[in-house]
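Here is the structure we will look at, set down as structure tokens.
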Amino acid sequence: MIVVMKVGTPQEEINRISAELSSWGLSPEKIVGKHKVVIGLVGETQELDPFRIEELSPWIEAVLRVEKPFKRASLEYRHNEYSEVVVSTPSGDVVFGQHHPLVVTAGPCSVENEEMIINTALKVKAAGAQFLRGGAYKPRTSPYSFQGHGESALELLAAAKKASGLGVITEVMDSPDIDKVAEVADVLQVGARNMQNFALLKRIGRQPKPVLLKRGMAATIDDWLMAAEYILAAGNPNVILCERGIRTFDSKYTRNTLDLACIPVLKKLTHLPVMIDPSHGTGWSEYVPAMVMAAIVAGADAIMVEVHPNPQKALSDGPQSLNFDQFDQLMQDIKPFVKLMGRERPEPALAR
Amino acid sequence: MIVVMKVGTPQEEINRISAELSSWGLSPEKIVGKHKVVIGLVGETQELDPFRIEELSPWIEAVLRVEKPFKRASLEYRHNEYSEVVVSTPSGDVVFGQHHPLVVTAGPCSVENEEMIINTALKVKAAGAQFLRGGAYKPRTSPYSFQGHGESALELLAAAKKASGLGVITEVMDSPDIDKVAEVADVLQVGARNMQNFALLKRIGRQPKPVLLKRGMAATIDDWLMAAEYILAAGNPNVILCERGIRTFDSKYTRNTLDLACIPVLKKLTHLPVMIDPSHGTGWSEYVPAMVMAAIVAGADAIMVEVHPNPQKALSDGPQSLNFDQFDQLMQDIKPFVKLMGRERPEPALAR
Amino acid sequence: MIVVMKVGTPQEEINRISAELSSWGLSPEKIVGKHKVVIGLVGETQELDPFRIEELSPWIEAVLRVEKPFKRASLEYRHNEYSEVVVSTPSGDVVFGQHHPLVVTAGPCSVENEEMIINTALKVKAAGAQFLRGGAYKPRTSPYSFQGHGESALELLAAAKKASGLGVITEVMDSPDIDKVAEVADVLQVGARNMQNFALLKRIGRQPKPVLLKRGMAATIDDWLMAAEYILAAGNPNVILCERGIRTFDSKYTRNTLDLACIPVLKKLTHLPVMIDPSHGTGWSEYVPAMVMAAIVAGADAIMVEVHPNPQKALSDGPQSLNFDQFDQLMQDIKPFVKLMGRERPEPALAR
Amino acid sequence: MIVVMKVGTPQEEINRISAELSSWGLSPEKIVGKHKVVIGLVGETQELDPFRIEELSPWIEAVLRVEKPFKRASLEYRHNEYSEVVVSTPSGDVVFGQHHPLVVTAGPCSVENEEMIINTALKVKAAGAQFLRGGAYKPRTSPYSFQGHGESALELLAAAKKASGLGVITEVMDSPDIDKVAEVADVLQVGARNMQNFALLKRIGRQPKPVLLKRGMAATIDDWLMAAEYILAAGNPNVILCERGIRTFDSKYTRNTLDLACIPVLKKLTHLPVMIDPSHGTGWSEYVPAMVMAAIVAGADAIMVEVHPNPQKALSDGPQSLNFDQFDQLMQDIKPFVKLMGRERPEPALAR
């Protein structure tokens, strides 16, 4: 349920109403939008009478029920205003959101050694990326496959961050690792296989770093938004959703089926920013450029692309990684499309 | 197996080689590309020795095996040259293919009455479409749902064609109906539910009108190309493939999952043109524009969009139909993207 | 909507009510159950007032709406009484239905030659089957695969039927073939790929032979029952449903995923008999026996098993076919389970 | 790779060979079967020459490669001998395995209060179950749904165990909880949503209690066995696999699609015991009995059934729970089938 306040409501009045609602046993959350303030209420609201709330103050414009199973993640909860997820990076704040420039994340599947990760960071930065991706902890189907270099890889990511000025996105696979990953990462990633690892979601929701939540392989849109709701409900409002392909009956030519229609669907349902990962989504580098283009014009707020200095020799996911030249070309090719979408990034000098 | 002829091979030499191969019990097909002529061989070629063919003539450049299960549909079979499917319409020939302008097909799910179909035809023509779609025979899940007006609807399509100058695409559901549908339609559609109705595929492959082959709801890419192969093998080389969404585990917010990655995949595997139908692909008109945009920049050769004068009152598929204003807006919105892709259509005056 | 008549209602009264309902523009169907007669009404019944019907006669016990989208196929339509599909065979009538012995259908994927089909018929008859299956027209993914021997195979099936006394089940792929197939077959099969070939369903519903309707690869239970409804609505009440595996994300070890839970689900929803085909359902003969057992104890009314004299040399579906010894063993092994389920067949001497 | 020792090989010889292989940098594991001893080798064996191993001792019968991606989980690794997972319970050891009596696990979705769990334990024990299931930590799609009573529920499970003598199976959702769950549980369950939570799998593989590994909603058979391999590779050989339905395109009448064919498939691929959970598999109590029957005759080693004193009032999963009478009836109904399968449990007096 949300309480929409009239424009110009004094701060004390909002505080007074919130205090009153708290005294009823509710947990009001103040949501400050561009134009209006909304008080969000989640919990035992089913038997609450909206009229009883409306009577609390003449400054209340409307009291509305959120009908969706996901409450805080719903677009209604923010009274149809999209979230801005602001991420602090060495080169300044980067904002993920509907009315902001396209955010580009690039890098290898896994951090292999210092040279490769620093080299990759510098190259993708030069090509126009804002974030470096790279796995320290890798979820691999087989226990005998390369599992990531773990903590030592975190140090290499820190070095690459320092060298390039890029923000860092990397995956957390286990709740005891959150703190050490959060020391280096600017955005913590929850992988597809952990999308319904609710213990991890709760704990990651209690720390302050923004979270990239990948869609599970067989997760419905509702499942996915409910997983985001776990993080939001635990107190962290900064969630970015990332589609990376779902599992269907055909995996001969693409590893997964990239569900690009999720973009307009999510834009209707939720205020959270949407990222698309065509590298996992298709599994083959040759299909990545067409899907990056498609994602951008379909309205994605961000893209994630796997880039490796030498895909043939990658320790994981080589076939789906672009090399530096291919990534550079892609970044050139998308420019006019990004511009048409009104998503181009101002020149660096202006961005600072 | 294909026999690639050198540039400049005299026609008589090609005829001589074909005659020789026929005398071996094979069925050579001459494929004339932009630069080269290729002789295609399908059938009992597994035990054929390529060297034995090479010895037939010094004009033979190479003899290559087609490794794919689909032979005539494979890009290799045409020596990596994409097909041009030329459709004759009242306003002149329209070409579907990789290096040709985007083809737009629009119209209602089903032909309801004369006024609506003529009105729709004129509107979508004015907005920039080349083809009118509209069902005379409708495959409906329930026997109690509107089944299409059948033959009388074909007459209305003929009237709309005459009034608008658009080409007509409509579905054939049963082999005995092929002839009467082909009298009106410029392109015969095989629907998703009939994609593996092999009897229909064989019969439609024996008539000369181009065929639009929709992907089945659970058809793999291979299944789909093998279905096209049935038509090609029966003698009709003019097949257009149409993706319209596949069935997955989530159908709450979209009727199907639109597999846009099929575009680059098909472009790698086959020479046949690719159309995308986001109306069936998503099932909701509000998601259609984003998916049309995405399809275009991902490399689609054609799009199909459901348009109805009054979607709320449509006899079928209302929720996924755009109204005239929405379609007109969409056609305006896609223009810069179509241009960037090098797919814009020259002004009508030049097109004649 | 159904009109349930009281026990003992005179025939003239039923006729009178039916005539009255016909005069209202409805199409009443008399359904004679074990204990009661029901008058079924399908069509524009939404605005019909049940009370107005009840007033027609004191012999009316109740007037009930059928809420399901499938009307004639629903269990309610027959007032919770299961159908008996009686098939006439050279050895007498065989009944498919809930309270009848298990029906066993066996035979090769395709009819290859006279010796193999007669030999197979005699062997599966000796092992205890009631029906011979065998394809004359084969739906094959590739146009270059063996397509069945067509009409000549129908003659061989007739010979095998004569030699063995078995009933014959074979597939019709195209509506123009219905008559010639019906001359030989005792049950006409509609294959999975044609489950939504509505033209075929309508035509097959207008002829009198019982129909085996296989579930489509991506057909929901509702889709499947609606396909059955097409046949029932066209006038043929004798439909048997056959589950043969659905398409899912995993096809490495089994060709399809056999949905055995469909048995209790269908028993709740429909009065039509249910057959299970574990040969297509799993795709590998080694998994067939366990799934036959499971199908029987889960309540299947019939099973279909592929049997071939020499599976290694089969022209189609060899890997999923049992040989004679394996089938014979299976028929022995299921006996105690069939008996426990109360589905054993009386000794032949008694059955005549 | 496995080294199969001849029957009667002296213990010292096995030790000597193992020591020798260890000195080569390998990690030999001794697997004692009914008749033979096998030495398993996992790791960098790709370049090992089997002949070099064979030369180590005349007592070596054969050196065989394991071709499957899962090594320790493969049936070959134990030289085609099925595992016995022995679980210690207050009423004595219960063995899960191919040649052992059917193991029955029953109980509520979640532990609600002391009375209900003790009452349920006593009832299901009386009906014939060996294990009590009951969730203390519950993975729920929504953060606002009942999440289980956590630690206090563990105490209640301990009380129910003491009162009934049943073994206890309960889920661990987060690695920091393993120890406290293991204090009460006799078998630790990894839920479907955590099947690829590799951090959890590794940690649970390092503790000694047997593990029940549920199949993920979109997990292929290979994914599932690779998840088991994580546990085995970490040192815990006692893994039971539990199928609980997979996600497909149809969830209208059943929550999931129960893949019973996985039973014969797993019996071919792995030595690990197989449990079937038709409660989650179908989602509706009315379909559970038919699927329990089917599972048993298809060769399941164990079944898991949700039972609740009052399903209408259950805090979670009520619709799929049997009440006491229904469970009691089911246990009666399965008896003759269990007996036919040679899986009946000797009378309790004999079992001690």
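Labels for the chains are A, B, C and D, by order of writing; each one numbers its residues from 1.
We take it that contacts are C-beta pairs under 8 Å (C-beta built on N, C-alpha and C of every residue); 3 or more make two chains touch, one makes a residue touch a chain.
Everything numeric here is computed off the predicted structure, so don't read it as measured data.
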Legend entry - Chains touching both subunit C and subunit D: A, B
Legend entry - Far-end chain from subunit D, centres as C-alpha averages: B
Inset, instruction - Please work out the Cα centroid separation of subunit B and subunit C, and write it as a whole number of Å. - result: 36
Inset, instruction - Give, as an integer number of Å, the spacing between the C-alpha centres of subunit C and subunit A. - result: 51
Legend entry - Touching two or more other chains - residues of subunit A: 218, 222, 247-249
Legend entry - Complex interface listing, subunit B residues touching subunit D: 218, 247-249, 251
Inset, instruction - In the complex, go through subunit B and note every residue touching subunit A. - result: 218, 220-222, 246, 248-250, 252-254, 257-261, 263-265, 268-269, 278, 281-282, 286-287, 290-291, 293-299, 336-337, 340
Inset, instruction - Would you tell me which residues of subunit A are touching subunit D in their complex? - result: 42-43, 69, 71, 137, 139-144, 147, 173-177, 193-194, 196-200, 202, 216-218, 222-223, 226, 229-230, 233-234, 247
